[in-house]
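Structure below; questions to follow.
Each chain gets a letter, A, B, C, D and E, in the order it is written, and its residues are counted from 1.
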Amino acid sequence: MKDNTYIPKLAKIIQIKEEVGGARPIKTFRTQFIQDNNFSFKCGQCAMLSVFGKGESMISISSTPLIKDYLQFSILKMGRVTSSLHEMQEGDIIGIRGPYGNGFPMEKWKGKNLIFIGGGIGLAPIWSVLHTALEKKEEYGDSMLIYGARTSKDIVFKQELAELRKKMKVHLSVDVEEPGWEEFIGFVPLNVLEIKPSPKNSVAVTCGPPIMIKFVIQNLKALGFEDEQIYTTVENKMKCGIGKCGRCNIGLHYVCKDGPVYSWAELKNLPQEY
Amino acid sequence: MAEEFEPKIVAFLCKWCSSAGSDLAGVSRMEYPPNVVPIQVMCSGSVSPLYVLSAFNKGADGVLVSGCHPGDCHYIKGNFYARRRIALVKRLLDFIGLEPQRFQMSWVSAAEGTKYTQIIKDFVQELKPLGPQTKLRRDL
Amino acid sequence: MEKVLDKKSFPQWVKKLSSYTVYAPVQEDEVWNYEVITNPEQVNLDFPNTVLSPKKIIFPQREVYLEFSASNEDGLEVKEVLPEEEPSVIFGVRPCDARALTLTDKVFGGDFEDIYYWKRRNQVALVGLACHTPPSPNCFCLSVDGSPFSKEGLDVLMSDLGSKYFVEAFSKKGEQLINPAKTLFKPPTEKDKKELDKNRTEAKKRISRQIQNIKKIPPKLKGMFDSSLWDEESMSCLRCGICTYLCPTCHCFDINDEIFSSSPLSGKRIRTWDNCQFPDFTMHSSGHNPRQGKASRLRQRIMHKFQYFVERYKNYQCTGCGRCISRCPVGIDIIEVLDKVSSYEG
Amino acid sequence: MKRTGVFICHCGINIAGTVDVKKAAKELAKHKGVVHSEEYVYMCSDPGQNLIIDAIKEKKLDNVVIACCSPTLHETTFRNAAKSAGINTFQCEIANIREQCSWVHKDMNKATDKAIKITKSAVERVRRNESLEPISVPVTRRALVIGGGIAGIQSALDLANSGFEVVLVERSPSIGGHMIQLSETFPTLDCSQCILTPKMVEVSKHPKIKLMTYSEVQEVSGYVGNFKVKILKKPTYVDPDKCTLCDECSKVCPVLVSNEFDLGLTGRRAIYIPFPQAIPATYTLDIKGCPGLLPIACGKCADVCEPEAIDYDMKPEIVEEEVGAIIVTTGYDLYDKENMAEYGYGKYADVLDGLQFERLCSASGPTMGKILRPSDHKEPKEVVFIQCVGSRDPELHCAYCSKICCMYTAKHAMLYKHHVHDGQAYIFYIDIRSGGKGYEEFVQRAVEEDGVLYLRGKVSKIFEDKGKIKVWGVDTLSGKDIEIDADMVVLATAMRPSKGAEELAKKLKIAMDKDGFLSEAHPKLRPVESVTSGMFLAGAAQAPKDIPEAVAQASGAAAKAIAILSQDRLYHAPTVAKVNLNLCTGCGMCVEVCPYEALSLKDGKVEVNEVLCEGCGTCSATCLRAAIQVKNLTPLQVHEMISISLGG
Amino acid sequence: MVNLEDLKKEAKTVLEEGKVKYIIGYEKSANGLMPVPGFIKSPEEVEKLIWTPACVYNLTKFLVDEKRRKSREKKPDERPVGLVVKGCDSRALVVLLQEKFINRDDVFIIGVSCEETGVIDEKKLIKKLKGKKAEKIEFDEKDNFIVTTQEGKVKIAASEVLAERCLECKANSPVIYDVLLGEKAKRSVDNPFQSLEKIESLPERERWKFWKEQLSKCIRCYACRSVCPMCYCDECVADTINFAVTADTTAEEKAQKIKWLEKSPVKSENFVYHLVRAIHLAGRCIDCGECERVCPLDIPIRFLNKKLEKDAKELFDYEAGFDPEQPSLVSSFKDEDPEDFIR
């Protein structure tokens, strides 16, 4: 008998870190499966997390596949399931099934410069691919991160970003002026124009709010990036995660299965249903 | 011998009259069966039909809504609205074939500890022969 | 395998299938539906279209995935719940509904096999009944590559020859149905075959409704995502779930946790039908809805059936049963909509 | 997840005797979110409270449930304890396991089981409570009194003497109300004007009272502590400061109209002073009778006015006042003549109502205190008094008893006998209601000392016959028909809410009862408060009553108003209704059911006035869209409480 | 008898004069007997309008759509929408006005009187015709309909195919309108709750059996809710998620959406759904019968509403849909409301 993909594997929350407080809080969870299983994933893939009694939510895995000890998810409190996750404590049990989705085509990117552009919680899917690339530095060209949030308080992975600066170029921004902020002030797409990453032998990966992605892509194009050089991820409401329940489709693509990673060359031809 | 069926009753008691009446029953050390779990609401007028349906859905064998006597409502007229609303719910539940004994309404003033005691005793006695309420109980 | 069965012997055949759970159309008031049969005499194959197709047996509206409860050790216990495997047979399956199952097979197969679907699918044998006269005035199977005597998806097909049935078995499952009652079946005569042919020719003629230029529609739809046609055609749509719930090919579902108790926790994870016409189907928890408005939802239904599905699986996701037309509370007619797509300019 | 602490009180053996508190504490410890659960012998004792405070601090509890006696006893105690430990008072809920559990059950297992359910239900509730602070609003420390009768005067004086500014609004040109029209008052027969005028003068002289006569309240907005009132000041066309009361104007005025003060028994000029002791002491030009304000039309009064007090250019004025409390004392009117045609009221000159008779008896009245028939100014020798005219007659007139008629009719008959020694007074009555200090004795005096003839029964017909008024009736005690050739008939007509009271009640959003009297908030416990917070009632506006009752109620209302005005800020329980604007469709059903006028529609959505809302939740049960709910007892909380009460 | 040409004329006039944005009426469908709701935007299109005994739909439902559409528009066309209403439909309008959901100025009401007849129950007609396909149905004199089938015209007694609710109709002609077509005739109905009695008279056990069987069939397609003009809440008890979500809606609010019932179409949850629906329609339902008509499983849902309609009349002398000024059933009371059921 084949595995019943709908049955989640139980996992224990081993660490919870509060990334962002306030009205739109974000927490990062590290989980460990209670029983060993062959859960292996690619960067950019997602997993369906269960809070039993509340339901499931599709969350992108923010840790790198190179780490086998735990899975990491950074979660914005948004609805029924994510609110329950935010209420959980270390040691609590959740369910995980997956991984789902296509993931980033990192094989294709070998030898190229990687430009990561993120906004808000959009850094979570990037985080996985960024760290994988960082670990395999020799396989890729120069990497750079352009990341912004509403305010400095809304920036996720604050300490890790400080660490990251030692290893790659990191350009941060906040949307509105605030005292003590020394880096760029303004929306992420504007920071992209400010920094002017070179399209030459590069791949740009952008995740964040749809409106940000829209203008980042516009600005990348203005900088000379081709559609094929731009990658992004798409979010839609999901239930099954395996292309059957029928709700997350964009045209004939099921985001859960055929996505969530798309190059702009692919995405621009799909109907705007996300 | 099989254990006697003990009906589960949810009672929505208004704070000012019925819950106070129930308190009086306690202060007077009256005795009544422990089948009722009271839920204190501010006014019988605040008892939404949804509360009643939900209680039956969650397995209540009986539901009681109790408020102040007409004219005595702490909030002047909440119990009059309750009376109308509950009458409709009661008729509807009766219509779909739920035993009418399962859903009751009463006026119990803060001075009527005895009446409250009697209502609970009667309610439990009336529900016992009916057995568990399965008609509207969750069958997931 | 081709046989004939005297109509009078039909109940006896059903009787022989005592090891099966037998489903057949049952009438209650004015409504026909497939129900479990306890008395073989009860089976009446003289029925119009059932309200729900056999989809409701193989892909039931409610399927329990798992049960969960608080436990002392790990804090939580999760138990997989699978449908019980027992052979069953459905009599009186319309060819269009059987074809529909071949389409849901595609959806529930593939990379991730849906165990729940296949557990039920594999144990059920489908005995079809060819449509001598269209069971609904809105039948249009011929337009979508089907026919009133299509064998696709069926294990057995019965065709009415007046006093007897012409019975064809196409699969091992089908033959296994006939074997226990072998003696009841006779080989068909040439006359029987001729009559069958005649009936079939006539049956086709009786289907009055058809989609114009169906072949043109999938490519045409590709360019019509932003068309104003959807607004116009959806004006009267009420956003109910009739067209999709009744559709034999629609397969969308929802998964929810339904609980008995929150402390200590106990409950079930349950799959239920869902459908693209409900506004909450695609709504994100942020409130953003990629398919805001009923025009986008009507478009999704049409596009899914006549473009996306065609592109993915090379079939229309429609078998022409006509239920969505007959039962639409406001008379939205998929044939009319598709005809408008065909003739749409601009 | 929120961290909840549960504290189960033994209450000595009061709870622990029937409820297995140890088991309960153990069970509660297993409940989701409960991180601390303990029991103690007396939670309300200092050590008990300290247990709670320490646990909140040490275990970082977000909220606590105390399972103990009824919340009416110690909710405040424990909420204060919670507050002192640094959590909001609403993060503490009481589970009543004594009055509603241990004291009423004997079976320990079952009682324990029930106590656990009650406590879990409180846990589910408290976990979903919002932290709230009392709503506080500043208070405008002034009051408005509407109506300048005895009740209004009393309220105004009480308020002013307590140091609060008062705006006293009276519709007519003078204060005094009906009391100033009376001759003597029962049961002491002291002169009404003699006891009232000093109070009227005190009002006019009081530095804290702003008297606005000939004025009407036009609009009231705001809420308790903060009302905004618009008052229409009608022009009197006479400057009171200049007027010397010389009466020259009145002498030259060509217009004669019926005099309200004497209830039509006399006439007055268009420019007039209502009565000699009027406050304010000034003349008023009533334009209804005046041929015109242009000197061209008449102008005689202005011509003769030496101090030039008359100003035809005076305009109506809207005065805006801000007050913190409002007392409504709009008084009564007598039942309309038109309604009582069967008694010849309004038809025969010698059929009078009680107030007209008062004027006849009054030394300052039209006859200078002599009782004379209006028709021929002869002394009436046979006078019939009829009680319950229009009262206690649910079929045709008013169902209620007007309460004072028994007494004043006895007084009238007595006064008549004192004036006309050889006259005969008859009183038709249904029964005599003389509850009150000295009242019964008073009635007895009328019968025994003054020989008033009480006839129990109703009058069937009254008609004029040869200069007499024939009164046909039945004495139900003897069963005999009675026919009296009366010289005068005096009707004790029913008291009605004063004209215009309904309109005013609507402006104030005060409810009225079915008879049109203003409704008190509670018939027993809140008799001087209206349903609308900050508005109070006194006098006959609320129900028929006599002078001492009106005065007592007026002082009560003043005291209630002072309770508000004496504070800088008002505090109000914050458990009020809250609207989800996304769901509200503005149907207004909640507005209709709200007993406190706390809800209103604005731009198609409902708005809650948090100061007025009492949190009863009737709105929430009425709303079809779950768009309104009361904080800290929301449908979600009740839903969870229902679930847990039923075991899950 | 309503003259179709008059209807077209009225429609044409208001469209030509630009008095209305568009007109919602009945239009012939390509497929057979039943019309479809028609949205007539220009004077030329009025020719599409029809008026037959098959005009069953309660078109007031589309005012709900219209209101939502309008609220999304930046510069909405403020002209009213023309709406063709029958007597029963007009009562729905009255309730919508009473609940301030629509303004009187937002709708131009073209009333059509059913006079002494009504509209058909399609299922009854199909049964009556025994397989013959009706192509057309017309009003005849008051007691008959003329049905055209492939085999010619037949006269059918109206009483045999009239919708159940028409047999119990309280408003044969519109109670509110701007123009009225047809006569203000009133068909006398002896007992407007006649059909209900057969269930009411059953013993409790049988009533339960009846409703258990009926409501267990429900597949929760929500067509009854969707078609009801009174079901205009932005968010329904039956929905598992919040619809009325704005940027300010907190995660808690979304997480706390109460599940009064589960999505599983099982007996208990179906009962919660249908009982809540009935109670929410108490004093609001005007018996247009649409909920029952659209039910694919033929569940006699109308009885639930009808029962409460009867109770409201019996207990509180309340009737919905005649007076837009009256306070609604559950937001009003009388001192003398019955309380014999209260202990």
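Going forward, a contact is a pair of C-beta atoms (placed from the backbone, for glycine too) under 8 Å apart; a residue touches a chain by one contact, two chains touch by 3 or more.
As the structure is a prediction and not an experimental result, all values here were calculated from the model.
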Hop count on the shortest chain-contact route linking subunit A and subunit E comes to 1
Looking at Cα centroids only, farthest away from subunit A lies chain D
Two candidates, C-E and C-D; the one with more touching C-beta pairs is C-E
Note: subunit D sits from subunit B at a C-alpha centroid distance in Å of 35
Averaging C-alpha coordinates per chain, one finds the centres of subunit A and subunit C separated by a number of Å equal to 39
Averaging C-alpha coordinates per chain, one finds the centres of subunit D and subunit E separated by a number of Å equal to 47
Multi-chain touching residues of subunit D, meaning two or more other chains, are 593, 622, 635, 639, 643, 647-648
Each of the following residues of subunit B touches two or more other chains, namely 49-50, 54, 77, 81, 85, 138, 140
Within subunit A, the set of residues that touch 2 or more other chains is 78-80, 82
Every chain pair meeting the touch definition is listed as A-C, A-D, A-E, B-C, B-D, B-E, C-D, C-E, D-E
Residue set of subunit B touching subunit E in the complex reads 49-50, 53-54, 57, 70, 77, 80-81, 83-85, 87-100, 104-107, 119, 122, 135-140
In their shared complex, subunit A is touched by residues of subunit E numbered 241, 250-252, 254-255, 257
Within their complex, subunit C touches subunit A through residues 65-66, 68, 74-76, 78, 80, 82, 107-108, 110-116, 225, 251-257, 259, 262, 265, 267, 269, 271, 274, 276, 281-286, 290-291, 296, 300, 303-304, 307-309, 311-312
In the complex, subunit D touches subunit B at residues 70-72, 96, 98-101, 103-107, 110-111, 113-114, 117-118, 121, 511, 521-523, 531, 593, 595-596, 614-618, 620-622, 630, 633, 635, 638-639, 641-643, 645-648
Note: in the complex, subunit C contacts subunit B through residues 258, 260, 267-268, 270
